[in-house]
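One chain, chain A, appears in both complexes that follow, with chain B as partner in the first and chain C in the second.
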Partner chain A sequence: MLEILSAVILISAIIMSSLRRVNLLIRGFSVQSLAISLVCFTLGFKTGEVHYYIIGALTLLVKTLIIPIVASKSVRELKINREMKLIIDGYWSSILTALSIATTYVFLDNFNNDFVKAGFVLMVLGGIILIGRKKAISQMIGFLVMENGLVLFEISMIKMTLIIEILIILEVLMLSVIMGVMVFYINKAFDTVNTDYLSNIKE
Partner chain B sequence: MEFILMFSLLITTMIFSIFTKDIKKTAIINIISSVINVAVVIYLMFRINSIGFLSYMNNSIYIDSLSIIQMFVGSGVTFITAIYSYRYVLNELRDEIISERRARVFFTLFNAFVISLLIICISNNIMGMWIGLEGTTIATTFLIGLEKNKLSLEAAWKYVILCSIGIGIGFIGIILMLYSAGQETTVLSLNWTNLLNSYKPINIDMAKIAFTLIFIGIGTKAGFVPMHAWFSDGHSEAPSPVSAMVSGILLNIALYVIVRFYIIIKMVSGIENVKYLFIIFAMISLLVSAFTMLKQTNYKRLLAFSSIENMGIISLGIGFGGHLGIFGGLLHSIIHSFGKTLLFLVAGNLVSVYRTKRIDKIHKLIKTMPMNGVFLILGMLIVTGAPPFGSFFSEFNILMEGINKGYYFAVTLYALCILIAFAALLNVFIRMIFVKGDEEEYKRFDKDSENIVPVIISLIYVVFVTLTFNNILYPILSKAVLIIGI
Partner chain C sequence: MIINIIQSMILIIAAPLFSGILKRIKAILRGYEGAPVLQPYFDIKKLLSKERVISKSSSFITTVGPIIILSAAILSAFLTPVFFTAGNELIGNMFILIFILSIIKFFNTLIGLDCACTFGGMGSSREMFIYMFAEPVVFLILAFVYFETKSFNIYKIAKLNAVRTDISSAHIVAAIAFLIWLIAENARMPVDNPETHLELTMVHEAMILDISGRDLAYIELASAIKLAIFLTIFINIFLPFGMAVSLSAAALIKAVILYLIKMLVFLLIIAIVEISIAKFRLFRVPELIAASFSFAIAAISMMYFS
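Right after this comes the complex of A and B.
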């Protein structure tokens, strides 16, 4: 079960790296978060620890439902269909993602845990999306993908006390909510969410 | 349990500011709560001076001399900016630059920011410190973008993206650091005091990578140069009290968190060389900021670059090590905080009169705004380390330590950069204060003395630290030096 889920996470990463449509990007993120929450539930079922369930439930609620729904609603309102003129285009970002998967699995061979590797891949992919896209909303998705990687790291590498884990998850979620609000304001002030126009501050 | 008092005060003010429409009342309550916070911190300083450290709640709250210094700076700057924001926010409301709702948001986030700073200072849990840092990002994003115009939104977007990535990288670093000590199998406590005694990495290389990631990630918030892009933009667009708080407290606090990890890492045999991270980043910061300061046209941006330069000086002191170096670094962090607060508040006064941030639009301040002009010169002398003030002694201590330890190249560069920074600031401020522009005659503005009290208080703080760092404050500072470790 866990292997299948890590495969789902990796495949979603590969597909997301080449997507141009913002809508599909959001859906890919939603699927990825669903897989991560299932990972949490499975680990919780196996180990019988409560905090896995809580992290899983929070991820399921916020990342698979609330953020994608709100984001796709704003995509519809803002009438953004697809990214034009990517900084790193789909072809190269697929290649970079594939390279990162290969190097991760070679170099981190002695970690007997698939989720650490998957987490690393997600961090790289999030970085690629953040750097390579121009729309503020896809940059937000890039940040959220990175954050998914963080969650995978956190649940698989060390054990922390429950309250700290919940606080971390909550804060990261709050940060993404703030980014969502920022996207809204940017659209209101600039009439676009293309970050090319965010270059007015000069020396 | 003094913290319960502090936290409850801050949270009460926060809730009060959400629900009350009377901004004047909120601002006054904000000032009162910050005064009480200052009093509590001074009481704590006396206690720490006599017992050494305090720990509560099963050792999850731990304060020693190092953190009390940050709390002293934090409470002082908060107090000054709280007084300043009373007039500032009322004026902005009157001029209809911000709406009443925005003003309420300002006070709410102001207190949220202070709460997260307090969490970082008192937390013994290293993840608690991380949570506090993330909290500062959450609180300051909307403070930077408070005016909601194009420029401030752009600055806020850059800030939130860069800082959240930086914090994320720092998170990976922390996890790797714990993982390298074999924490996968055993549940060890994440308390800083326990890690200090028991941290033994199995894999030394991984610990090195981990600290580098922590340094780069959290260094984004401390404003080191390759990661400083948010910093100059954010400062030039944020409201002045927010710039003062970010520059005066947040940078120090971020460096404080890095130093906490540095203390753990440098105990491990085999990775003593991590101090070169401090030195190299400090040198890059000094070089880039000093030369960028020469060609600035926006005075708030100029002050932001001066902050980067001063962070470089502080981390150079920590990197050199030794009693003189670390003492100098700590002293410089205190003086710089109050000095930079003074300068940003004066800059805020200038913005509120002239409504421009361009250097070439402001002339003959000595005639139009004499008090602010004088304070501008005083503040410049403070942040550049001119002799009457404590910053001179801190910079000199760092210089001496560098020469003692034989870092001749770094010392040369450091001396050159502080000279350039001094020249850049002097050039700009002389032009703003004494040089005549196109206007026929210059009349004094009524607004000159309107918001001068907080500026005077920050000068008093600087003078106080300058007079006492060798007697009253010395035990606390030298204990903090011992905690960082010579």
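Right after this comes the complex of A and C.
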């Protein structure tokens, strides 16, 4: 079960790193979060600790339901819902993904835990999504993928206290709501959500 | 030994049936009746009774090409396990299998170039463009399979994976990579539309455009066998549970039934993919194959550094 879930997480991350349509990015993110919350529930069932269940329920509620709804609501306002000129295009983004996954696995050779490595991979791939796109909303998805990696990393490695975990989830929720509002206003002001145009504000 | 020959003969005879089933499933999913599942046999029978028409400007390649293609397809069918494997066969090296299957592609390309028809040349150039990106992926997948089972022999790989009970996540990721490669290599939907004869979009059909009669029957049969072989390789490497490893009647019957079920499931998956997404632009095909490359590298590093 855990193996299938970690495969789903990695597959969704690799596919997301080369997608250019924002709708599909959001859908991939919600599938990934669903898999992560199922990982939390499985670990909780195996160890019998309560805080896994709480993290799983929070992930399920916030990342699988609320954030995709907010994000797809702001996508619906856009005129162009795909990336037109990527900074790193799909082909090179996939190659970069492959190289960074291999490098991550080489560096983390000593950790005998699948989810630590998968968490690091998600952080790196979130970074690739973050720097390769121009639209504000797909940059937000990249940041959220990085955060997913953090969750995966900490449920398997460190024992963070529950307070910090809840604060992180809350912060992500606030970020996505603020981003949703901001994307709406950027779109209203500039007729696009391309972040290049933000430098026009200087004048 | 004799069972290997029998299972490969069954695979060759049943190959047009699988492509007929695939066409029928697509027709039903699109909402119309569709041709009967035995239609490919009728087509091949009709084409075999026709005489061959060869262009005056073509060379000996067009004369011998279709026979070579068919014989390469039949030879590769005899190198794959279908539902039984003992694990100690001397044949079945994966590299030989892959290179025999690329003979089919090579002669298809030569036939496309041979009679100087512009469509043929265009199709050949597109086919080679896709093939150039797709070929490294399969060697990465073979490397993964070697790290997993310490063998390049497909009979041995199938036997080792058939008795395996735990399934690693690298296995699933590599299976996805192989599936994308299979679709690209067999000219199925996101890469090439197998039904079209529109000159802007066809890749595989453009190369065999000026083949007719008996030669066309050979090529159609070869491509049906090729699809069946690729799906069989996929099933035997990545999902060989329930495969017969001993020669008892109960194990063989169970293996045949499971093989048919797996085959039908994958034909259904291909049909759903084909009717639900449009063909990619030619210059976006490398993105798809790069994703497959990325899956393969991920699988290798998960297997090797764990």
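We adopt the following convention: the second predicted complex is superposed on the first by the 200 of 203 C-alpha atoms of A that agree within 3 Å, B and C clash if a C-alpha of one lies under 4 Å from a C-alpha of the other, contacts with A are read in each partner's own complex, and residues count from 1 in each chain.
Methods note: a contact is a pair of C-beta atoms (placed from the backbone, for glycine too) under 8 Å apart; a residue touches a chain by one contact, two chains touch by 3 or more.
Keep in mind that what you see is a predicted model, and the values were worked out from it rather than measured.
Overlay on chain A: chain B and chain C fit together in the combined arrangement. By the document's definition of touching, of the two partners only chain B reaches A:I186; chain C does not. In the superposition on chain A, A:L150 makes contact with chain B only, while chain C stays out of contact range. Of the two partner chains placed by the overlay, only chain C lies in contact with A:I4; chain B stays clear of it. When both complexes are overlaid on chain A, the residue A:F45 reaches neither chain B nor chain C. Applying the stated contact rule after C-alpha superposition, one finds that A:Y91 touches chain C and leaves chain B untouched. By the document's definition of touching, of the two partners only chain C reaches A:I15; chain B does not.
Of the two partner chains, chain B is the only one touched by A:L130; chain C is not. Note on the superposed arrangement: chain B and chain C approach each other to a least C-alpha distance of 19 Å. Shared interface residues of chain A (contacting chain B in one complex, chain C in the other): none. Every residue of chain A that touches chain B in the complex is listed here, in rising order: 123, 127, 130, 136, 139, 143, 146-147, 150, 153-154, 157-161, 164, 167-168, 171-172, 174-175, 178-179, 182, 185-186, 189-190, 195, 198-201, 203. For chain B in complex with chain A, the touching residues are 125, 127-128, 130-131, 134-135, 137-138, 141-142, 145, 148-151, 153-158, 160-161, 164-165, 168, 171-172, 175-176, 178-179, 183-184, 187, 190, 233, 236-237, 295-298, 301. Listing the residues of chain A that touch chain C in their complex gives 3-4, 6-7, 10-11, 14-15, 17-18, 89-91, 94-95, 97-99, 101-102, 104-106, 108-109, 112, 114, 117, 121.
Residues of chain C that touch chain A in their complex: 166-170, 172-173, 176, 284, 286-287, 290-291, 293-298, 300-302, 304-306.
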